[in-house]
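A, B, C, D, E and F are the chain letters, set down in written order, and residue numbers restart from 1 in every chain.
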């Protein structure tokens, strides 16, 4: 089985970290292909960045499916472009917010999601509702920039730990979900420190794709994820038209 | 007051029709500037098209705001790119699904939304939930392609009427919302035929922007619509980076 | 366009203040007629007062519509008598809670409503649910009586400011709605102080009526707002019977 | 124990029927006092009638409580004035929609509510939500006027039966609630015919008051049902001011 | 009327206390039969204990109904086995969480539920949702073991009072529900101390059964509470098969 | 990896079929141990049967965990005893309804659940709500007894196909979940016939346990799934006490 793990921003060091986390989670026999788009924002912090991550993200999915991938993990906690990706691809696609909540929901009753920036609380809260966890999960921000997790010597780890502690108490929760792909390497340590399951979305995403692909399930084309209708795209985006994109 | 009305697809004839509907709805003293992107899909039918409408849409918003617009109407019933647009712009931005539901909700108790394609039912139903109308509105598809509304001699009008009749009965609703920007010219006729208010989103969008701008309200920058953080965008999308886009 | 703005309590000084706020919000060409009933409570603080505001309120609506008003704003944050008013009138009617939430919802993601008395929190929370803002808005009380806002020298302003500050932090909200018609003059100042949009319901109500009337929309008579069935009313209320009230 | 059962419309024959149903449901030792206001509409069919039922209804509650009643049943399926009544009275007050749903919810999983007029579907659906039965109950209209149930020879009974049958099948429900005080005498017969529990709100209301009063529970004055604040009421409503009404 | 009140744990001293509370709540003419199973856990603290309370609980219900009981109160705040009990019995069955919430909901707007252990917060919160009180009630734990309420000299009472005070302030609630059958004797005292209605589930359960049985309502057999289908049970549970259990 | 798959009823032929379906879904390297309790009902059709499946089910889980299982699938679509099982076990436990919905939710937008008996619609609908799929999934019954799926020559297959077709149209859904462990062998055929993904819960359950165990996640003991408190169980259930059960 081959799983395409896409970091939708263009920061290669984060792609490497995500790829490593994905590989560690993968079953023997699963190949992880970790990529990031050649175009787009260097990090995704809010709705605007998210919009410009889409073309590169979808291009990578088209390429990956054409090259034989069995499923796709979108490794940004905003689940960037998840619906468009499912319309494009026949193979299953999951977002790491979705995957992490699904996993946490099967081992705990109340979930604290801890993300980076305050401006992500509303979008992630919207995802929490969409995925059916409104009664069970609350979202908190540790107020640290995404890329600070990459910087040696930053106090991002300490801020994150403090927020996890506060969230567990305030929510009376029994599990934590880490709300950023860049936190993938911290889950095991935090679980040991706090005595509760701590779920990393990248690892959860890999296992959910293994599950879906293993079940022989592919994205349904009978509803809102129907294959895009063939049509003309104009201007610099012409090469992304439904018929054009897969040939690249 | 100047209102930018953006048809997010690239079909100029639909832009003209939308511009006309917007002009007819505008107060005296309101200038309507109707545009469409130079790049992107010729129609938006599903999540995939929506993703590729975003760059052109956001570019038009950046240009329009720089040129002095007082507010923006996104004239596609998927409310394409609404969140990203609000992050980008300081001036108020509304989607036509949002505006139409808000207006219908103040004059009726139950609302039937009638859109074009079956594959739009799930995305629009998601918007209905997001905007708080889950208890009051249901979405129906007349099973007609978006651009067929532009073709003389098509039976799109007859199919639409049949679906409106069926929806009013099935939902016991007392108002109709037309779920496509391309239906803007039909609202008055249908209201006369069916004896209920029929709301067109383009007209509703113009009036909501007149209301918000008239109130001196601008998009809040204190939460998830915060101004995009300055950062590098790479590849062919470099010119869309937060700092770059507004200078074009 | 002529908009009837009704203060449903009988305190003329509050009517004057509301009328002024409405006039300042109105478009050029919009006439504001601000009235209050001749009968009923001097302020509306809870469900009991609300019940006795209805006869006078509905009488003013019947008179105003007969005199040619194009729409009605009910200027009490309980949206007193909104459903009965819509059944009575063919012209559009909005409540200021409804209008303020609709406006705030288009420029922000999370909303703090700050009202006067603790006993109003439950009724306004119920309206927040009804209008579909349960996920996005929370209600707070500054614990100040309605009429204290009229008294020079009271500390009502200071209490209100303290509660706004507290609510913004607790809710991580990015907009404020002022939950009382008597606060209409404070919105602009508070917005400057706190750096977030602050929405006054009276102004929002005027703009929503301008929007609805400008769209040619009238209250649907095909559902629960059907014209009241002609029937006998007995006793001192006989003159309010559906057929009788409009002749007064 | 003495229970005040108020028919909020002024039709004495309906009051008699309601009083009889209440008496039949009452425990030995419970006295039923069935009254209707001297002023107001002859039937309550929609929001407008409801508004003008309130003054007379509240006056009867003030009188009844002063005369020693232990609790109040508001015998109109719109639960007319329930919140205002609870603010006014210290003794417990229930509406018949509320009471019937509470009873049905303890003996069945899904509930069909069958009421009279189509224009009541939206208001009663709103009550269904308010009382927490949105997932379990649906509202249907038999399209019969309220007072037709009083007329010998009308086909109201046949229409009602047909709608009950249809609702049970469509909802896959296992209990029926009769959505009008005027149907109080039909519950037993319909239960026998359809083989499911059929709940009449008047009888349910009497038993709920017996339960609440028997528990020594009185309406909480610590929240939104706080005793109305003493204040001036002007005009013909002056005698209804909080301090004035109880002395009549 | 004879009401079977079942303490589903095997601690006879708690059964006595529950029986006394039930007797004090019962109308004259109502006989209370308080029992507990001969088999099962000595207290129910969490899902595991709950599972093993079921066989004994259902056996007592079968015996009680055969002996002529008119209704059943399950006197554990988890509403242990309520659905299975309703499938088994034709007579009405209520749980004390359900009954307490129903009663509190008719006399107050917001409800604080105060229970014993933290591990009960999630299960009781789930019941709060199921019964339709998600918008109105919140659950708190005083962090005291169930049986400590039985021990003279424990500080359980002081901990409970502190939590009630904190919950009323945090929730801005106007009523309290005691979330444990073992607190039945405390309701009256706490109501006096805190000035709000305090509802005990055992007493509420007795009155709800008096209400349902008095209305002639029995559990609907037309839906999910259908009489269990006759079938073989194997092993040590053979004597609990649907046909077998009632003969014991 | 070793996964314990428990058929909670005592019908060995169904256990064999479930075991086969589980084995086919398992990854290479995963051992499936399919068991059923020695005591309890021969099929689970409703709440009563479910109650008596619990002791045997929990005993098998205790035995399986002691013997080294890495996770548990409860193979009954009522997700019988899921909460108690999670309290008992440290290893992860999933129900097949939960697993099937989670999988279907990642490949489709709207889901039709098709189960056997009408009396299961309410309980499964309750699970659909609990797992967060209320907006996306509806439950239908094919009106066939559970064990008829085992009988050669029955028309159960034809009834099931007819209901699947009807449900897909009525719900405008794009995926089907089979709502009974006994349908495990039909998923592939039905998917081919109807052109939509058809999810079998047994297979989905196996893959979800592979995912959770592969992630190193175990049931959280910090909340409502805390290890059962040591205590005495009396009577014939004494051997099921928390400390006793694991030694068997």
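The definition used in the following text is that contacts are C-beta pairs under 8 Å (C-beta built on N, C-alpha and C of every residue); 3 or more make two chains touch, one makes a residue touch a chain.
This is a predicted model, so every value here is computed, not measured.
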Exercise. If you take the chains that touch subunit E and keep only those that also touch subunit F, what is left?
Worked result: A, D
For this session: List the centre-to-centre spacing of subunit A and subunit D in whole Å, with centres computed as mean CA coordinates.
Result: 52
Exercise. Taking each chain's centre as the mean position of its Cα atoms, how many Å separate subunit A from subunit C?
Worked result: 44
For this session: Report the inter-chain centroid distance for subunit D and subunit E in whole angstrom, where each centroid is the mean of the CA atoms.
Result: 28
Seminar exercise, completed: Residue ranges of subunit D touching at least 2 other chains are 86, 109-110, 118, 121-122, 134-135, 172, 223-225
Seminar exercise, completed: Listing every touching pair of chains gives A-B, A-C, A-E, A-F, B-C, B-D, B-F, C-D, C-E, D-E, D-F, E-F
Exercise. What does subunit B use to touch subunit C in their complex?
Worked result: 25, 27-29, 86, 92, 94, 98, 102-103, 105-110, 131-136, 168, 172-175, 188, 195-197, 199, 203-204, 207-208, 210-212, 214-225
Exercise. In their complex, what parts of subunit B are in touch with subunit F?
Worked result: 118, 121-122, 125, 129, 134
Problem set entry | Partner subunit C, residues of subunit E touching it in the complex | 109-110, 135, 172
For this session: Enumerate the contact residues on subunit F facing subunit E in the complex.
Result: 10, 37-43, 45-52, 54-56, 58, 81, 83-84, 86-88, 118-123, 126, 130, 223-226, 228-229, 231-238, 240-242
